[in-house]
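As structure tokens, here come the structures.
Two complexes follow with chain A in common, the first pairing it with chain B and the second with chain C.
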Partner chain A sequence: MKKTETSTGMKVLLNVLLIIYAVFALFPLVWMVLLSFKSDAQMYNTMFVFSPTLDNYRQVLFKTDYPRYMRDSLIVSGLAVVVSVVVGVPAAYALARYNFKKKEDIAFQILSFKFAPEILVVLPLFIIFQKLHLYDTYLGLIWVYQLISMPLLIWVVRGYFEDISVEIEHAAQVDGYSWWQIFFKNLVPLIRPGLVSAALLAFIFAWNEFTFPLLLAGSKVQPITVAITKFLGTDTAHYGQLAVAAVISALPAIIFALVIQKHLVRGLSFGAVKG
Partner chain B sequence: MAQENPNGASPATAALDYNTVPFKTRALPYAIVAPALIITIGIMIPFAMAIYFSLTNYSFRMPTSKIVWLRNWNDILTDAAFWHALWVTVKYSFFGIVIEMLLGMGVALILNNLKNWFSKIMRVALIFPLMVAPITATIVWQLMLNNSVGIVEHFLNIFGIYNFPWAAGTSTALMTVVLIDVWVNTPFCMLLVLAGLQSLPKSPFESAMIDGGSTWFNFRNLTLPMLKPSLYIALLFRLMALLQEYSIIFGMTKGGPGNTLMNLSLTSYQTAFQYQKLGAAMPYILILWVIINYLAKFIVNKQREANRQAHGLEE
Partner chain C sequence: MARITLENIKKTFGKVTALDGVSLDIKDKEFFVLFGPAGAGKTTILNNIAGIQVPDEGFVKFDGEIVNLVDAAHRDTAMVFENYALYPQMTVYDNMASPMRSKLYHKDEDYIKTRVHEIAAMMGMEHLLERLPSQLSNGQKQRVAMGRALVRMPKVYLMDEPLAHLDAKLRNAMRTELKSIQANFGTTSIYVTHDFMEAMSLADRIAVINEGKVVQIGTGDAIYDLPCNEFVATLMGDPEINLIPGKLAKSADGYTFTMQEGGMTYTLPADKAPFAKLDEHGKSEYDLALRPQHLSYSFEPKEGYLKCTVYSYESIGNKSVIIAEAGGQQLRMLAPNGLRVQIDQDVYVDLDLTHALFFDAETKDFVARYNEEAIRAIAEPEEGSDA
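Entry: the complex of A and B
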């Protein structure tokens, strides 16, 4: 029976392997943070020991347009998620509770948007957006971002609705509550943790999106993912500022991921794997 | 997908079966779903337009365009650039999926086996790279691999390796971009496998222990089949993303050096925006879409089958 118990030697080996992978996964992030506190003068002649400075942060936050790019990212990603929640949650409810013809087809149609190649969507949209004057606007990006946030929200929230017993609704119906009252007073509180985590994950995906804003927006609307590549092109000498830009772009997503940690697996797998 | 009953209707939905009630109630679910569909399908008009454009010589440089029928398709299928792009797409996806799945599974098995404080912290911390935007990750790695300030260069110098070419070398470029993809996305596979491992029922393992099966035997005949549904989900999401990868390659080399990293997405982008030939750009990406669609359906079916078998093992 000893065979299923892990021996001490094996345990040491597993720990060592885990440390190696952890270094690979986490060192780039640590190094990026270190770099963001390094002055340009120390960039080339120091490794880990240097006198930290906030100059790079001061430069990026007060002397460049970076706060504007952050605002654009926030507006586009935030409103995209709001639209998806308002429109997607009722759809998720319908797909969870009602039986109707083509239900699974519709659900899969929505899911398939997630897998559509981004370039395939972008090329015709580039022309449509210019004709409709949606090119380089908040509205245009918020619309196209629905391809990122809507499938996620509908599939994940649908799963949470399915977890709730239909008896709760029936009982409330018997007590004389209207459908709206039941939906907002009984169901929404029950799915709230799932809904919030799905919305935050959709926000992370939208925040990290690059291809859509690169090709469908220009100078007026510029999320940080697009702006950061410009730091690279024009300012090759200021590696510290580039690191600051990277830190600021990564930080919100990592914080949100920590918040929704318990629901992350379920969200990432669109409800298919319950974590 | 995973929680679905084979017959498609969950017990909860059966109780609210409105098929026998008047039209107004019957139409209700469609009315509720419609806005979501309209918003997303509005964006999908491009699909129809993409097919139309692929039959024209539409160009951003010319004011008018005319239908050329299958000329674009014919030109592309006989062009070496297309087959090169397809080959790059296949190579990138193959190495990406194999490394991400095996590494993700390995790390998940280790995390599941160790119960010390270090593994508990790593369960949370190892997710971080997945939350970094691929384009930001690309920039961080560019800094790391940079030959003047990059830390990797200093590390390699210890071993007497100087100016390793990374993304600039034709033979190392693919490895470099796959490395970044692996860095970002291995946690995705890891998370899904770990969730699968933690939801494994105890009883089959207990009876296997009584039978005295070896660890490897148990892994092959119990753990793996019961993990399969989660593995297929990881495979589905990762493979579909790898096949159409754009931002990491674009951020690193824009497809270079030369055409070394020009996959289908990048070739289509380049044909449309650099060569300004939108019509000719379409077949590349439409072919990719067909491949993705077919593979996605295939994997979803496999996943459902695996799910049924896994439930059979539990009993």
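Entry: the complex of A and C
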């Protein structure tokens, strides 16, 4: 009996701690949402009680280029993930199935792209992009985003391929299927959970990317992360509009995270953990 | 239906030589068993025939045509994999239907349905058709894997230990079933096993494989009774054959054999044929081999019996095995069940030397045996008639 009492006490304590952490983590988001409904006049002199207005939203969505930035973000992040999938899945297959010299070195090299601080490579990239006329283009950003989205995808999908016994492919060959048929009919369904979660996670990473678009894109291509800073003028700061821009730009990431939440943990850990 | 010929197949994986010059000629409609210990290269041979792997050297021929460059899909084989290799995302029905849904071997859905149900009924697994492989036991998975191969009528069935994970009763039933399927379909079948009972009961001919080489090819009886070396002799038969190292000496009216351990000297029964061969071979160190059923025992001292102590006594079902020890020499023999035998008690053993085989003690190769002519006549009846 005593044991149950203490464990009940522990439960309460744990929950309190979790609640404290949740408040700590979520308050900035709540504050941002609140700000987005405040008018400039009420910005500094109200806390939770104010007369909400949709002016900021109207302003951002209809009076600025906000939809264009949103579109740019979608194009760059979306296509970056598409390229990652098209290139990364075959790469993962090769790393899982074939034996070639320096295989592990190559695999680790790919992963290490993710370790390097972006600011470290961005300066040489800037110069190279200028020379190649990739500066401020969709192609340039999609290309450089591969550093962010590809390593994760390759490593997760590789784990899935390694878990599929090679005899399954052999069996399908003997059954009379061609390699492409085997790939799409037998392998893709088996890697799908990992592929979907890795791709969505890669999308979120790409969406949140700031350093590369800040320095490698200018006025023609502007993802939302960079565009938001525009609302901070040199003389005036429209915090309300800034908040609106941030809230809307966070939506896709939040929606995706909620949708895949269930698959995310399973999808990412299933292939990696050998059982 | 096809005749499968392998010519001097070599295959290496990195520094490991998996196959070292394998040549086989598997006749049309034959049930051919590849038999050998784990890691001998049996599965690699199947993979080379199926086209999953390509030999580094040598030719694979189907009906005399070289198929080295034909990919697995176009070779028209059906294979049962040792680890089942079922498609995890498909039901048992779809797994079994898969070979008939590929473009190459396409059949209409009505035919597929009848065929799958027919095979499933034969294997007693109609109730499993809607399940996924993850919902099956290992024995059931193995039956599905068999079923997936049997739905088609390919040129050759390749089976890699297809019964290994079935329980004993089902295994015997499936063995009988397989044999009759093969006889009915008349499809060439190549079957890998490390179970000598399976090899003996199923095979038209057996090839014993060791370390990537073919050691001996012949009918089950031929390999059992005329093993080409000690390796084959010990591999075939359970309990294992007795190998008794010793010295052969010429005496006035024939030969005597003195055991290295145990110290007994036997006068070999007079027989011209084996003696002639031993004469010809001319060495003095031999391993005398005798199957356990040709040893007899007594718990009372008897004239000419070798005094041993009981090392172990264990039941193998319908009979038991006594292992007796004399010096360092162990002798296995068959005994009825239910004997009251104490470990280390005295036992007297007699060897029926009229069934003895002689192996060269150095090279371990077969030299001679008693009744060789008669056994050869029975064991190799078709020798030369349809090669």
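Quick note on the criterion: the second predicted complex is superposed on the first by the 250 of 275 C-alpha atoms of A that agree within 3 Å, B and C clash if a C-alpha of one lies under 4 Å from a C-alpha of the other, contacts with A are read in each partner's own complex, and residues count from 1 in each chain.
One rule holds for everything that comes next: contacts are C-beta pairs under 8 Å (C-beta built on N, C-alpha and C of every residue); 3 or more make two chains touch, one makes a residue touch a chain.
Here the structure is a predicted model, which means the values were calculated and not measured.
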Fit-or-clash call for chain B and chain C when the two complexes are aligned on chain A: fit
First (chain B), second (chain C), both or neither touched by A:Ser112: first
Between chain B and chain C, more extensive residue contact with chain A: B
First (chain B), second (chain C), both or neither touched by A:Asn208: first
First, second, both or neither for A:Ser178, with chain B first and chain C second: second
First, second, both or neither for A:Leu147, with chain B first and chain C second: first
Contacts of A:Ala25 with chain B and chain C, given as first, second, both or neither: first
Partner chain(s) touched by A:His170 [first = chain B, second = chain C, both, neither]: both
Touching partner for A:Leu95 - first (chain B), second (chain C), both, neither: first
First, second, both or neither for A:Gly218, with chain B first and chain C second: neither
Superposition-derived minimum Cα distance between chain C and chain B (Å): 5
Overlapping contact positions on chain A, where the chain C interface meets the chain B interface: 165, 170
Interfacial residue positions of chain B with respect to chain A in the complex: 1-3, 8-10, 12-19, 26, 28-30, 32-33, 35-37, 39-40, 42-47, 49-50, 53, 103, 106-107, 110-111, 113-114, 116, 118-119, 122, 124-137, 139-144, 146, 148-149, 151, 154, 183, 186-188, 191-192, 194-196, 198-199, 205, 209, 212, 214-215, 218, 229-230, 233-234, 237, 240, 243-244, 246-247, 250-251, 264-265, 268-269, 272-273, 278, 281-282, 285-286, 288-289, 292-293, 296, 303
Contacting residues of chain A [partner chain B, same complex]: 1, 3-4, 6, 11, 14-15, 17-19, 21-22, 24-26, 28-29, 31-32, 35, 43-44, 47, 83, 87-88, 90-91, 93-100, 103-104, 106, 109-110, 112-128, 143-144, 146-147, 150-151, 154, 159, 162, 164-166, 169-170, 204, 207-211, 214-215, 225, 228-229, 231-232, 239, 242-243, 246, 249-250, 253-254, 256-258, 261, 264-265, 268-275
Chain A-touching residues of chain C, taken from the complex the two chains share: 47, 50-52, 71-75, 77-79, 81-89, 98-99, 102-105, 148
Chain C contact footprint on chain A (complex, rising order): 165, 167-168, 170-178, 181, 186, 189-190
